[in-house]
């Protein structure tokens, strides 16, 4: 009753993407800033050259790094994000009307992705009510609810992608994944909300090596997995404090 | 000769494909795991929060923290992961499970399913059945063709529904039927148990169907 | 910047419940069958004698065990559950009209609890559409959604309780919790969906002993914690296979 | 004399209570963690998926997998736990965080907050700000009283809102105001910076308020 899972393992990012990429598709890309991003898979998408992409990702990378690469090559037609601060090319293309942008509040974005993966077409939230985010959306009140009465809520819808790209710390041949520290971020939800989820993992193990209680993403969600032990990890905003003066 | 419970389970096991993630209901569906074809491996989900369910434990190795949805003691496998009930039903509702095999009291020709309550009797509850039939990609029912001489395959279910238009295939002790959930095509007979004639089957089936034998 | 968390630790179930219990309150009780239940806290509620309780729990215990105890003493007025099969007293009281019962599909129940804890007053699901569960509920379609078009969905609402009782395998003084195997079940969501969440844990550690990546329930959700190393664990349906015949 | 940035942060720190779970925004709010009163301990949430955020790392000990919502390298503490963005904002939206301290461009007397976009300028996005102000139990804004000689405390915000009726307290370099989110009571001045007169404050404040000094 085991699963023949080693067939999930692909030798590199290019082969893991083979037969999947096409123009105008919807891609989810995990990560927060440059933390927990799929640098290797994004590089392979750049090389593949598909265009007109809609990319759902909290941020838009940095110039020349991660999604910044796909902006340089103008492969992205539309971004769905909560914050796109660190990217000059983004700003240029957006201001020139070459790039579409849909802002979502970060928590609404995270929940829309979870909802899509969980078979929930829509949910209500107070986030964004009374702002431009709420404009044109269904509004509902819940006067009968002891917890939710007295406020107004807007309806937000579930998201689904053709492909989700997730980065994990550890993975096994069954596709089970474990994330590390704040590199977890959007990766677990995105893994659940796409027709094909591809994981790049820092460490790949045979099935049975990961503790089942510690698995963050069950292997059912991961169709393809690629071992990328040498993928660069970048720090966007290195901030430190001085070492304490040794006492004598 | 009508199929035995084991033969019905074996027939249902033919719906398994290599790499499938599967949820098996209580009763005959549970037997399906004994008939997984050679060369095919599947992962069994238990909706109380486990993917990759193993066989029953050896005597003396039961773990009270490791049970299936029927509250039976089970074991884990190298592929196993655990998760919460919310995450488990997110997996089910979200359409990630390939196949659910479950029992039924009644199935209608358009794929309605009734398997959770009989009015006037004490109702135990639907448990996860409504979620499974609404969420899983393919739903296969395994059941006796008749109960007390009455067909369980009906034009319309008379019992309260578990799901409306949710069944893709029905395997009874007399034959196998395909249902088009969209309702565009009629229910279709695709197999007969050995020595069961089409006439006999038709006489024992209230539902309308076309033969595709 | 640590949290003064040892004040979350109570010496026993009775003191952990002190000042919280009152008649007619809403209680969530974790567990699936008798797996992962809070036997000790339920026993203390029985001793406290509060009545008219609404209990949200997937099951209703077994005669004389867990919630079965509160049924014996007629402390429960209403159950919100998905399956109540194994309980004769339950059946008697229900058929006599002494006990109210609201059935929820198991996944809908789990999601309603998660939603309540996540500030989501309502969500849509296909589960139960076309059945008695859908009767009287808002129905919506999402024709514009590539993923969700073509079906009908019903609206289900978030749940919230006065008290949630959760069972964990390991806990620390900050309230961080780790569950074990299928004893996780409803406990993590319930921990998030109550004014006061009380955890009984098999093993209690000082803060810092649990691996932060492995924590299932962050301590913010747990107001009170009690160490119950000797709580009984029962098997409802012991099922085994024969030992293989040793080969010679 | 108007309060310095540090003094504003110190004043905001007085809103912390022992055992609070707190989210601090970027800028002056980040400084609040330097002024946590003696005997009070709080846990800091970072909305990218961390509860119990520690100080910046020593040089050479930065971990690219361990950053805060401002993408700065941070450290963990004995109380730390990590979780996904969905779980993080479930925590925020669900009303579990006691206090959020954040900056603003404008606040109106009824508690509307604008801090994410200026029409005509490149917009970077709201990040988690809309979720925080909609979900956290108590929202405290720390900001300069004026920008380019214009009051930032207004009858009505002129910039696009981050949230409507969401602010409970405003701490500026000139004073401290309480706002009743329900709108039943007017905005209330409760403290003045040293040597600032009520007349001076009123002349620099477009919003209506009552003095409760």
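Annotations for the structure displayed:
Per-chain numbering from 1; labels A, B, C and D assigned in written order.
We adopt the following convention: a residue touches a chain if its C-beta (ideal position, glycine included) is under 8 Å from a C-beta of that chain, and two chains touch if they have at least 3 such contacts.
Keep in mind it's a predicted model, so treat the numbers as computed, not measured.
Here the chain-to-chain distance from subunit B to subunit D, counted in touching steps, is 2. If you average the CA atoms of subunit B and of subunit C, the two centres end up 28 Å from each other.
With each centre defined as the average position of its C-alpha atoms, the distance from subunit C to subunit D rounds to 35 Å. Per-chain Cα centroids separate subunit A from subunit C by 31 Å. Taken residue by residue, subunit D touches two or more other chains at 55, 76, 82-83, 89-90, 92-93, 135, whereas all remaining positions touch fewer. Annotation for subunit C: residues 111, 114, 116, 118-120, 125-126, 179-181, 184, 212-213 touch two or more other chains. Interface note: chains touch in the pairs A-B, A-C, A-D, B-C, C-D. Interface residues of subunit B facing subunit C in the complex, by the touch rule stated above, are 46-50, 55-68, 70-74, 76, 82-86, 88-90, 92-93, 112, 122-131, 134-135, 160-165. In the complex of the two chains, the subunit B residues touching subunit A come out as 18-19, 21, 33, 36, 41-45, 51-55, 76-83, 89-97, 135. Across the interface of their complex, subunit D is touched by residues 32-36, 58, 81-85, 91, 94-95, 103, 105-111, 113-114, 125-133, 169, 179-189, 216, 233-243 of subunit A. The touching residues of subunit C, counted against subunit D in their complex, run 1-5, 7, 114, 116-120, 172, 174, 176, 192-193, 206-208, 212-213, 215, 218-221. Residue ranges of subunit A in contact with subunit C, taken from their complex: 111, 115-116, 118-126, 140, 142, 145-148, 153, 157-158, 160, 178-181, 184, 212-214.
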